[in-house]
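One structure is given here, and the rest of the page talks about it.
Lettered A, B, C and D in written order, each chain numbered from 1.
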Amino acid sequence: MSETPAVRRIGVYTSGGDAPGMNAAVRAVVRTAWHLEIGVHGIHRGYAGMMAGTIEPMGRRSVSNIIQQGGTILKTSRAPEFHTAEGRRKAADNLRAHGIDGLVCIGGDGSFRGALDLINEHGVPVVGVPGTIDNDLYGTDLTIGYDTAVNTALDAIDKLRDTGQSHDRMFIIEVMGRHAGFIGLASGIGGGAEEILIPETRTDVEAIAKRIHQRTAAGKTSLIMVVAEGDEIGGAIALGERLKESAGIDFRVSILGHMQRGGRPMAIDRLLASRLGYEAVNALAAGAFNVMVGEVNGEIVHTSLEDTFTRKKPINPALVELAEILAQ
Amino acid sequence: MSETPAVRRIGVYTSGGDAPGMNAAVRAVVRTAWHLEIGVHGIHRGYAGMMAGTIEPMGRRSVSNIIQQGGTILKTSRAPEFHTAEGRRKAADNLRAHGIDGLVCIGGDGSFRGALDLINEHGVPVVGVPGTIDNDLYGTDLTIGYDTAVNTALDAIDKLRDTGQSHDRMFIIEVMGRHAGFIGLASGIGGGAEEILIPETRTDVEAIAKRIHQRTAAGKTSLIMVVAEGDEIGGAIALGERLKESAGIDFRVSILGHMQRGGRPMAIDRLLASRLGYEAVNALAAGAFNVMVGEVNGEIVHTSLEDTFTRKKPINPALVELAEILAQ
Amino acid sequence: MSETPAVRRIGVYTSGGDAPGMNAAVRAVVRTAWHLEIGVHGIHRGYAGMMAGTIEPMGRRSVSNIIQQGGTILKTSRAPEFHTAEGRRKAADNLRAHGIDGLVCIGGDGSFRGALDLINEHGVPVVGVPGTIDNDLYGTDLTIGYDTAVNTALDAIDKLRDTGQSHDRMFIIEVMGRHAGFIGLASGIGGGAEEILIPETRTDVEAIAKRIHQRTAAGKTSLIMVVAEGDEIGGAIALGERLKESAGIDFRVSILGHMQRGGRPMAIDRLLASRLGYEAVNALAAGAFNVMVGEVNGEIVHTSLEDTFTRKKPINPALVELAEILAQ
Amino acid sequence: MSETPAVRRIGVYTSGGDAPGMNAAVRAVVRTAWHLEIGVHGIHRGYAGMMAGTIEPMGRRSVSNIIQQGGTILKTSRAPEFHTAEGRRKAADNLRAHGIDGLVCIGGDGSFRGALDLINEHGVPVVGVPGTIDNDLYGTDLTIGYDTAVNTALDAIDKLRDTGQSHDRMFIIEVMGRHAGFIGLASGIGGGAEEILIPETRTDVEAIAKRIHQRTAAGKTSLIMVVAEGDEIGGAIALGERLKESAGIDFRVSILGHMQRGGRPMAIDRLLASRLGYEAVNALAAGAFNVMVGEVNGEIVHTSLEDTFTRKKPINPALVELAEILAQ
């Protein structure tokens, strides 16, 4: 980086649902900026803080000892006012007042939509870093937080397996994924679940009931079903009721909920966050204006922010088939 | 143990809800019997297997590499037929056919009730080992599996805390405990929960709503409530609905369910299981007939099986007060 | 607490080797003081900070979200100067300057020795809270941090067991315990180790080699030995070399080291820390001058600081025998 | 798979150092074979068992409840006799006697070398599955077990960090990697280590000592160094001694050793193992003779067994630079 960077002072914020590894990304942004002699300010509570002006300079020591922490030290927040032109003007004014001429936005699709408005209306360069447990952004193989969320779900499935094996019980476990089945599919395969219900595939309760009866007839006495919260069946409790009705089977239900957002980030999430935080600052320094930095096939890739949420990232159909064969 | 043991061949079984550490107890029973030159048979699937005759000899190597495993290699099962005199006679006949003249029953109150019937009707000596995550047996400070279940709940609370701190969210987490609040109280204090709802204390939703408003007024923006499944409010979902109604507050809900029964047992559960399994065999060898072996104040104590479930083990009221003071 | 407390402003510090759960104890001290309307200051870096004057008031929110964190937010430190009368006078002067008329010292024997000097020379009331992973303090059944350290060691042993079972390997794992074998004994029994070497028992390498040969002759192909760092053999590497020489056996060595001091505290450590932190403030408020608060048989007990380290807390010999029988 | 498979009965074995996820691979092999109506036998203890004839049919239920288990149910073993032509002939005879006409070899480079001899001398088709924690095989982005080993190392580093932050201590942690620095580099970056020493990069102790002094001068009081066992410095203890000499700094040492081979496999290792086990059987069925199945950029790739160990898989130099910048 011998040329003059295109930015002199950047702001970094986390936004939307928090994800494990966001702190590692913040750390990478701050230290890379320091390395490139670019100033860096932390914006607290996402767009809410951008409008309220809760913005503070961050030194390289301010991000010591956070790489392993879940959550985000910058916090996130809902910010309905940011959906108004007036709110966004306030935010842009605050950025200008702090001398911030570039932003790193760590978040998911909702956060990137907001960033796009800032870019379009106020000309603030923004580089996005994919931080969401849902893994549903186009332009990156993995999002920060996804691997940790999958392992949290997997840990729960393993524990159910212990007791299922011991007591011949049937379980339904509900995992996150309002619009995407990545967590459900990965934790279901990894946990050896007999059935995996995700938004991307059609759910046929009668067929499931039939397969369960075949399995019990073949001697399987315990069973684990993973259901994504966004599956059309409507979640674990609804599924349990439907199966009780149609097949007379009693299921025990676990609903993991937001615990999937927390916890120490796994290695992969820390590495991805470190790399993408670093690349985001480099992108801003090189004049990038409106992209998300992602990792695709091991390479750093820039994708326009709009594409990250308008283009669909599909699940791997080979994995769906694999799940069925291995659950025999 | 220089004298002739009072038993020559014992049977060991796990029964009722499984608990982490049951395998460590089975291992201790088998190896202690081997040490005392007493034969030992494993009865699979509790009373169901006792009636069905799924009974097999266990050598000291048969319990290798199980001390760390959740669940129970002997499995447990429902056994409605055992509630009939005919069922129990079948069980007693099978024991006699296998030359079994003493039993170690690893389980909770339901299992001990069954054991008592065997003792009374068929004169089979039974020594109980307290294996249940609920910790609700009189005659022992801790039951096997309780510490692991508490730590599983605590791990979930910690993860909620990460995201609660980051996003100012309010959480309700439902933990096990149909009749007893031990898991709820310990995980709630350990997790720093603001409210803990357990069967042993009266739940006043209006008062809770008021305290929540006081807390938010004082600047607390995230909050964790632990509710035992057996609390009179009726669980996490019911509580969430009531608070939504009476205070207009939205809560996110996690329901841990049976995952609290699984997982690698914590050190305390393994030590307790090892010690009590050992003492159970020693008790049978010394002629004990109808007791549970427990640990009270670090000492081994024998309590009549009947007392273990008819006498109430109270929660420590000092802990309830402590919880309130520390959650300020 | 209707009477006027005997103290008006207390200082709290952590000292010596840090232990998981110290933060939970600090939280309990601060919130209990707030509840009793007693002022509370945090002294950073133990005696070093007491001499340097790094002392700050702590509000009840200053201890939010720390109950689950390993380490200590107050830090600890070596403080050789405190071993001089001049150093201690400086410390006492600082306490007086901050209006501190009572101290809660969270630490082990070295920390309590220092406290005793402060009491004797300067009349500062000090109440101790047992915070050390070694569990080697008289006057409490458990010390804060011990259960977490045991479980960390146990987790390592479980992992060795996986690979030992798969590849027929022999392992030595070195755990902490310079003068006491509590961690070694508990993790060894909980991990099903074949040999446990601790300072309290005599180590006979020839006898060990003989038992190993007996075991391999009987078909055991993998083996785990736990050795406390303070065992007279001199640690894992020394033991491995001795066994290589005397028995021709190759061992793989793991040395856990300080990782046993870190990590999220287990439930038991948090509960103990919460309770003892609370009781320490109550004790100061009631006029206690020179005691450690501990938990013995579930009850709160006060022991003179001197007794906590001059009186020996023995390991339970029943557990040593148990270990031998169960490792068959 | 509508055509007749090229094999009718396959054998599956695990070989070399065991790795977490091997069981998930065995499960996938068995169930995929069942799905394709190909017979499958398990060969116990790798090449040793192939020579000894410890070979047994495996039904689809024989791999129930193993996906989450560390180690390998098929065990691995050293087999010096297999390095002789006579040993290999014995193995080939046993395979023929059991009607095995294809093999799935789950292991690393040593295992694949053996497989190559079988192919060349006896014409047995072998498909390799990359199972080693070291990640040092060409032809696959990741090997089975690697992610779990990295996370085990990371967990240890996090724990050191807790106590390092609290007590201003300096740590060296030795991780696995005799010839490759993948584990060291990933756990070092993920753990935020200040120095990472791996075989692929030159180690300059004087330069390290200088950087440490700069860091302490700049106010960093604790420090974590990760060293791969295969670094030219000779491991953690050697490094500690060198730094003590040349810089007068005391380091605390942790040596993780074989615990990195154990533990429940992470999600990624289970998914990779499931997918590659499935693909290995499909490859044999389609007539593959001498390849390893790997995953490169999300796609299944076949690489000749020889290439997997003769071609070098480099570490990513971008990550080495990243590590230096972020550790500032």
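Throughout what follows, contacts are C-beta pairs under 8 Å (C-beta built on N, C-alpha and C of every residue); 3 or more make two chains touch, one makes a residue touch a chain.
Just so it is clear, the structure is predicted and the values come from calculations on it, not from any experiment.
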| item | value |
| --- | --- |
| Centroid spacing, where centroids are CA-atom means, of chain A and chain D in whole angstrom | 28 |
| Centroid spacing, where centroids are CA-atom means, of chain B and chain D in whole angstrom | 39 |
| Geometric centre distance via CA averages, chain D-chain C, whole Å | 36 |
| Multi-chain contact residues (two or more partners), chain A | 158, 161, 165 |
| Category of the chain touch graph - line, ring, star, complete, other | ring |
| Chains that touch, pairwise | A-B, A-D, B-C, C-D |
| Touch list for chain D against partner chain A, complex | 24, 27-28, 31-32, 34-35, 60-61, 64-65, 67-68, 141, 147, 150-151, 154, 158, 161, 165, 186-187, 189-192, 219-220, 264, 266-268, 270-271, 274-275, 278, 297-298, 316, 318-319, 322, 325-326, 328 |
| Residue numbers on chain B that touch chain A, as the complex places them | 14, 17-18, 20, 22, 69-72, 75-77, 152, 156, 158-169, 171, 173, 252-263 |
